[in-house]
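Okay, so subunit A shows up in both of these, paired with subunit B first and subunit C after.
So, the complex of A and B:
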């Protein structure tokens, strides 16, 4: 299988003419079945591989190259500046401050959404009436497109016409300019929590996979619901929670919600985002689009990329021993016995 | 004892539910207030003179349906292409063997973790060099490559289909492409539905890609909503924003309520493996 043939089959066959691609097969019919299968695999995986190379690997590599230059996107001959951009990322006080804000935002929202989502999942997993309806309605906000959610929260936290200040007024508290410093960060956190339905659904699927017998056996042995939750549910749910920590961290490191909440209709700019909501990804966009500092922004992008890789790796490492990937029947029995003894 | 526990659960659920649904309520309330009522002090919790005027103005003060059509075009292009291309790749990963498959699959799984935004800006620079800015070609290209997550969904589904299906076809002299097209793809309609729903709602909801790649006149509703409603002094007209947002969001919610399974199947599969 030469690369030439690989490049000859760009995504086309998937959409247009399976027959056209099939026509190249007959000459190979004499080959063994495995060889033909190998060849077909490349035909099927080809479009994605090409797409990955062109639209993921190449842009990342291009950004890496830019990050070692002083490119401004306009001049044709950017100068090679070595690690200068990276040095600036780690010494510039504003960049470091936004990195710290992003860390705080992530460390707040990820545990909050996971705990809240698990709590809701446990609630809608109870044998109650209309639980299907509860599940659907609690999940509903997570379906709202990000722009819709951000604009909705702008209505709620508007200084003059918003419900939040209306509520404060009921208690004779003066209105707050929510969408400015230092309160904007709270709006962002509440907005993020509104999408907790996603976490709830995933945790719920995890809960439903836990065999009912385990909890029944624990109850017969005299375990309290709380014991049953901490000793059976949590350990068996740990792979799901672990997955959510990783996807949650990634999602919050790259969130654009601060931009969407603060977009100014007239300037369309990212300049008007309150400092407390100026997270790292927003700064990256700012440097690219407003500052035109492509080199520096690319370095910031790569730093964030490496941070995500590192965090994922560390979470993987830390979770070893804390995450149970599968439970043998014997293992489960010994687990319930320990609960009975406790 | 059991009863009281159950009522606690109900109380908790109902209060959380009220909290979670209140933003929708406030959006609707704001959408029905006229400009003077919006400025009322103290605020009105309920519009005193509800009128559909805001909706008329929100939909006509600029070409709302034109932008909606742009959103729809992009979303349909992307979701159809991405679904077909993902099924195509998913079949390869599920049913075929070749040297290097494990490595490629590993790369695929790791790109599932890679946020779109990382590659978007460098890709934007690439597209601008290729003169693809302000065209819908980027979505065609993205669609043709398939999406890692959707490929994964199809792969899971195709892996579980019985081996006899393709063995019989191979004996009959069917090539892999025909096996995929005639036998496997028609069987996978639940995944096709899920994939269409997911990719459609991603694109419908996406803000940053159209904001970067398209000019104001060709952009999507999501982008135009954030910038379209303001008065001569640059002040945002909240009641119009609310009305416009409501019209933008409600179809998605209705689609979700009708096709719940597709949405949720996608989300929970992503969580389990």
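So, the complex of A and C:
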């Protein structure tokens, strides 16, 4: 039996590493093994690559081409308009306003969601009775399909027959038109917070990963619960929070579904969404479907794409020195921070 | 012959191969779609007719049995339709609103001229077509004349309204006349008297005006006052003309009065029927078709009556805002089968069933006698409707924008204006600016 055969077998000598085994093989056999590994990798990666090319790369390229035309998606000969659409994105007051609203929405909801999720996670991480039940109840809203949650909100906040105004009715307070400006934005924020169970569950997983000994040692040293939280829990949880910030920012910038479902009570389309909730993606959809301006809407999407890339890059840069990795990431240039901020 | 020893596959080669595979798949997909079109003729078995509509529009099994073809149902989806039209693989038949969509698609040369088909048909004879089908005709700058691009399945004169006699009696108000239309001022006044409130909440709507959006009623009111919202070339709107301003003032008064669903306080039910049925709406600005829903509730049927369309000015008009029906895309692959469907759907059993259901006025005059007249409310509605037909007229819609887009502008401008008490003149200026910008962009694309 050759050495190569030995290395192929899982029962082969434990001391011999695959790299070491390959090094002892004849060159031809080594090449064959490398090729086989490469093939198996690409066989597994292939479907994804094909999907990426067909469903991401091609649409991105097509949208880029559209963004330089005045296409309405229907007419035969769209005209090349150069950078006109991009110029309009940065000069049109409506578009800039929707972009600003989206920025405010993101800056409000992402921190709120993360703080609320973390707060709940800390609560249900305490050794209390029926802890499992509380965890389940708090996570339950996140399991409810978004359509169901949004429609429920629509009913709760209806002015004439909703539960929210029914409650005000008990105190003889006049009903509020929740689903119109200026209140619609608050309903949207509350709806966003409704799904905070997802954030809670990730934070909870992070909390459970923190060794109890650290907290016990801190307690022995006389640290208060707040000191323990800020100097041990938060630093060790920082990679989880960082992940939530990144995914939260990206999702918030693209917010669309809850708006379409819950805050369009007439179901007559995106045109009737209150102005305060007319976020950037609503504006994009408005341009695509109502305005028939495929070229301009594609330019808007490309601008949003670049904004997301830039914001993500900036968040990554800002996170340097603020995120603590207990295992130093490969090729990380940042210094590992010590627990307790010393 | 031996194959070369396999080298490790580098990324570049892998991506090249992936791209090639993707290209091959795309090409085979194209081939399949070409085959689908030309090869679906009688020689290769049953034709497959693709119909994009709402599920309730057609009985697929009955269609297949009657026509001897396979019917492939596609749920109506505007974005999907656009994509299919752009890739020149459209459905064979598409549901649409003749009143507002025919000019839009016809101007883009996406529709099939059906005149040759009508000329040859023994089922759908032009002389038997109700004038409402003219909403499916467009000749560049005018709707109602020119080639016929589609046909309505049924219709209503959408500014007529239904009212509940029980709520009128409770408010001690006289019932509206069955022959003489109310003025808009009288109608608004009735709405104000019928509304019921509690702590800032509307418990019973006095009336509903915007069942089919806001732009169409404004267009109709302006026409009733003797003007036109669209310029002659349909490329711009003018809300500042005395007639349009009169209509806009009335619309703003209605919205401010908060006596019915509006862009400021939309109806959470989404449409008027559930609200009307629950006794929470006294007058529903929905046309004859609403009687189909009323038929399902005997208690509501007992207290429901139909009234003529209110008028803003001296020109009595009563348009149709929908004319929902089917059209055949220019690039449809099975046009002959699609026409057979047309004849069956618009002229045979389905058309007779629709006529008898009360969900709309039949679009063939020969079927009018089949409209329901069994119950008292149906008899009354039939009588009022028959008188109203004389006042039907086609109002040309622009080919440069979709109705939803124009409604969207109203939804954006009016809430703020109502809240801040902006004058009608300034609202008109804002609507002109935004809608004309939209129309100019649409015209630019068409060239």
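Everything below uses one rule, namely that the second predicted complex is superposed on the first by the 284 of 342 C-alpha atoms of A that agree within 3 Å, B and C clash if a C-alpha of one lies under 4 Å from a C-alpha of the other, contacts with A are read in each partner's own complex, and residues count from 1 in each chain.
Criterion: contacts are C-beta pairs under 8 Å (C-beta built on N, C-alpha and C of every residue); 3 or more make two chains touch, one makes a residue touch a chain.
These figures come from a predicted structure and were not determined experimentally.
Participant: In the superposition on subunit A, see if there is space for subunit B and subunit C together, and answer fit or clash.
Facilitator: Result for subunit B and subunit C: clash.
Participant: Check whether A:179 is in contact with subunit B, with subunit C, with both or with neither, and answer first, second, both or neither.
Facilitator: Only subunit C; A:179 stays clear of subunit B.
Participant: Now for A:165: first (subunit B), second (subunit C), both, or neither, which partner does it touch?
Facilitator: So A:165 meets both subunit B and subunit C here.
Participant: Which of the two, subunit B or subunit C, is in touch with more residues of subunit A?
Facilitator: Residues of subunit A touched, subunit B against subunit C: more for B.
Participant: Kindly classify A:74 by the partners it touches after superposition: subunit B alone (first), subunit C alone (second), both, or neither?
Facilitator: A:74: touches subunit C, not subunit B.
Participant: Between subunit B and subunit C, whom does A:314 touch in the aligned arrangement: first, second, both, or neither?
Facilitator: A:314: touches no partner chain.
Participant: Quick check on the superposed pair: does A:152 touch subunit B, subunit C, both, or neither? Answer first, second, both or neither.
Facilitator: Only subunit B is touched by A:152; subunit C is not.
Participant: Please work out whether A:206 is in contact with subunit B alone, subunit C alone, both, or neither, and reply first, second, both or neither.
Facilitator: first
Participant: Return first, second, both or neither, reflecting whether A:286 touches subunit B, subunit C, both chains, or no partner chain.
Facilitator: Only subunit C is touched by A:286; subunit B is not.
Participant: Regarding the shared-chain residue A:143, is it in contact with subunit B (first), subunit C (second), both, or neither?
Facilitator: Only subunit B is touched by A:143; subunit C is not.
Participant: Looking at A:42, would you say it contacts subunit B, subunit C, both, or neither? Reply first, second, both or neither.
Facilitator: So A:42 meets both subunit B and subunit C here.
Participant: Hey, what residues of subunit A end up touching subunit B and subunit C alike?
Facilitator: 34, 37-39, 42, 49-50, 54, 73, 154-155, 158, 160-162, 165, 169, 265-266, 268, 288-289
Participant: Within the complex, which stretch of subunit A touches subunit B?
Facilitator: 10-11, 13-15, 18, 21-22, 25, 33-34, 36-45, 47-52, 54-56, 58-60, 62-63, 66, 73, 120, 123-124, 126, 128, 134, 136-141, 143-156, 158, 160-163, 165-166, 169, 194, 197-198, 201-206, 209, 240, 243-244, 246-247, 250-251, 254, 256, 260, 263-266, 268, 281, 284-285, 288-289, 294, 297-298, 301, 304-305, 308, 312
Participant: Give the list of subunit A residues in touch with subunit C in this complex.
Facilitator: 28, 31-32, 34-35, 37-39, 42, 46, 49-50, 53-54, 70-79, 154-155, 158-162, 165, 168-169, 172-177, 179-181, 265-275, 278, 286, 288-293
Participant: Write out the stretch or stretches of subunit B touching subunit A in their complex.
Facilitator: 6, 9-10, 12-13, 16-17, 20-24, 26-27, 30, 33, 38-39, 42-43, 45, 81, 84-85, 87-89, 91-93, 96-99, 101, 104, 107-108, 111, 113-115, 117-119, 121-123, 125-126, 141-142, 144-146, 148, 151, 170, 175-178, 180-181, 201, 204-205, 207-208, 212, 222-223, 225-230, 234, 236, 238, 241-242, 245, 248-249, 252-253, 256-257, 260, 263-264, 267-268, 270-272
Participant: Could you please specify the touching residues of subunit C with respect to subunit A in the complex?
Facilitator: 5-9, 14-15, 18-19, 21-22, 25, 78-79, 82-83, 85-86, 105, 108-110, 198-203, 213, 261, 263-268, 270, 401-402, 404-405, 407-409, 411-412, 415-416, 419, 438, 441-442, 444-447
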